[in-house]
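In structure tokens below, several structures.
In what follows, chain A forms one complex with chain B and a second complex with chain C.
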Partner chain A sequence: MIGGVDIAFTGRVLDGDMDVMLRIARAAWPYAFVETGDGSFAVVVGETFRMEWPTPSEAFIYESHAAYESWTASGLTHANADKMLAVTLEHDCISFVVNDRLGTTAAIVGDMMDSVRENRWLALALALPRAA
Partner chain B sequence: MNHFTDKDGYDAIRSQPTWLFKAETPHSSASPFGAYFTTYEPTERNLSKKIFVPVAKLAFIFRFTPPAELVPIPGGRGRLGKIFYSPADYPVGRPHQLENGPTGL
Partner chain C sequence: MDERRLREVFEQCDVGWVFDEYASERAHQILREMHDVDLAFCEKIGRPLDPPLSQAIPADLPRLKPLVQTFASPMTAPIRAMVYCILDGAQVKAIRFDYRFKARAHLEVDVGYDSGESATFSSDDVYDSEALRHFGLMKMGKAPIIDGYYAFRKGD
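Take a look at the complex of A and B:
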């Protein structure tokens, strides 16, 4: 059996989208910890701000360093299930995986999508030519 | 195509000449009922995190060529061609069986 629920957020991905999402993660989880998909890089969320995330790229965002250690040692458990979300950036889609559509991580993903949507509108508005 | 499982699942599936992957209700009610498979290999870094399973569920692997169509799951991992499912029990006869055994994970 394979677990997790996939949530796809389509639309052209902007350079700042990941930064917006990481800031939402820290607002929800002050001690959030971030790991790249290949496990080569794992740091507290504050150290990832303004980092460049190429597309495609993949990351895991944890509630805390303890959640990171638990997932790394055991994979999914009853205790850590709602303490990690996965994010994949593509050119035209941001994909999330959470434990359950009704859990804490799904609510954080909802906030992330709202903020990214808002940021994209702002970026579009700032790029429009101004009326004379 | 790969199916990962634990020791109990491994013994049950390999006990029959035709491997039968049983459709089940997934942990999340938002996911479709079915038998689940992945194109991820055991060497994939952070595999348990990518498929949201306990590490113990990665202990054994069945590898096969799909004898019938499998459906990509809705969302990102299906879109990326990583996770598929069959909405009903999925039998894999000998001609399609490639290998099975412990993964070392």
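Take a look at the complex of A and C:
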């Protein structure tokens, strides 16, 4: 049980969206630790750029390895509540779970959504012609 | 990678038109250019690219699609090596671009891995400035972040 607040970011999900969000996460939390939704992988954020993130997929992004260990051992606590955010990629929506709407995780998600929006625009604006 | 597989790879990356003319010559040229990227990576990062690019690309095509697209344009080996580093998880640390009409187009990109490895890749070829169109533009609060390197999409 992670609790928190759900934030939905609708729109067709593009290949680069997860990469953009992970790079924002690393900028915010240089020692971020990322766990896949099924728990099969848990790696430092730098390793995640070598992974595929198909739709649908899910990830938990922790502030650090210590935060990951805290969540794994104790679940949600007052101390670790704002040190993890959840991201779910669907075909037409990215969903987030953050601690609350005013905390660190909400601010990071805000930056993620703004940056994804900008890079989707760039991707569409610079698309190759259909005939190519 | 043989010529047939190379063509498949480029088609899957939306740049199959590269082989519309002189296909065999283009294939050999591209394989040479991939080797040049191996050398540029080793020179700058200080370790060999393992596996070499011609093996890494077909094994991990979705991730390396933006790099494959660089072989459809006249990009130089150091800038392609920079692209590889970013797709491999390196962070863009700094970009310097200096342009003077008919005189100069200089691009320098500093990248760094979480491991501490870092390198500066540079070029004076204006066509390498294409890289500027592929970087991800992001913000953290009001602070600018340029990171990531993204493929051209195929039009819908």
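Criterion: the second predicted complex is superposed on the first by the 124 of 132 C-alpha atoms of A that agree within 3 Å, B and C clash if a C-alpha of one lies under 4 Å from a C-alpha of the other, contacts with A are read in each partner's own complex, and residues count from 1 in each chain.
As a working rule, contacts are C-beta pairs under 8 Å (C-beta built on N, C-alpha and C of every residue); 3 or more make two chains touch, one makes a residue touch a chain.
Model, not experiment: these values are computed from the prediction.
Applying the stated contact rule after C-alpha superposition, one finds that A:26 touches chain C and leaves chain B untouched. Within the superposed three-chain model, A:115 lies in touch with chain C and out of touch with chain B [touch as defined at top]. In the superposed model, A:92 lies in contact with neither chain B nor chain C. In the overlay built on the shared chain, the residue A:14 is in contact with chain C alone; chain B does not reach it.
Within the superposed three-chain model, A:77 lies in touch with chain B and out of touch with chain C [touch as defined at top].
On the side of chain A, the complex with chain C involves touching residues 14-16, 19-20, 23-24, 26-28, 30, 44-50, 52, 107, 111, 114-115, 118-119, 122-124, 126-130, 132.
Those residues of chain A lying in contact with chain B across their complex are 1-8, 35, 37-39, 60, 71, 73-77, 84, 86, 88, 90, 93, 95-97, 99-101.
Contact residues of chain C toward chain A in the complex are 14-15, 17, 60, 62-63, 65, 87-89, 91, 113-115, 133, 136-141, 145, 147-148, 150-156.
Interface residues of chain B, counted against chain A in their complex, comprise 24, 26-31, 36-38, 45-46, 48-58, 73-80, 83.
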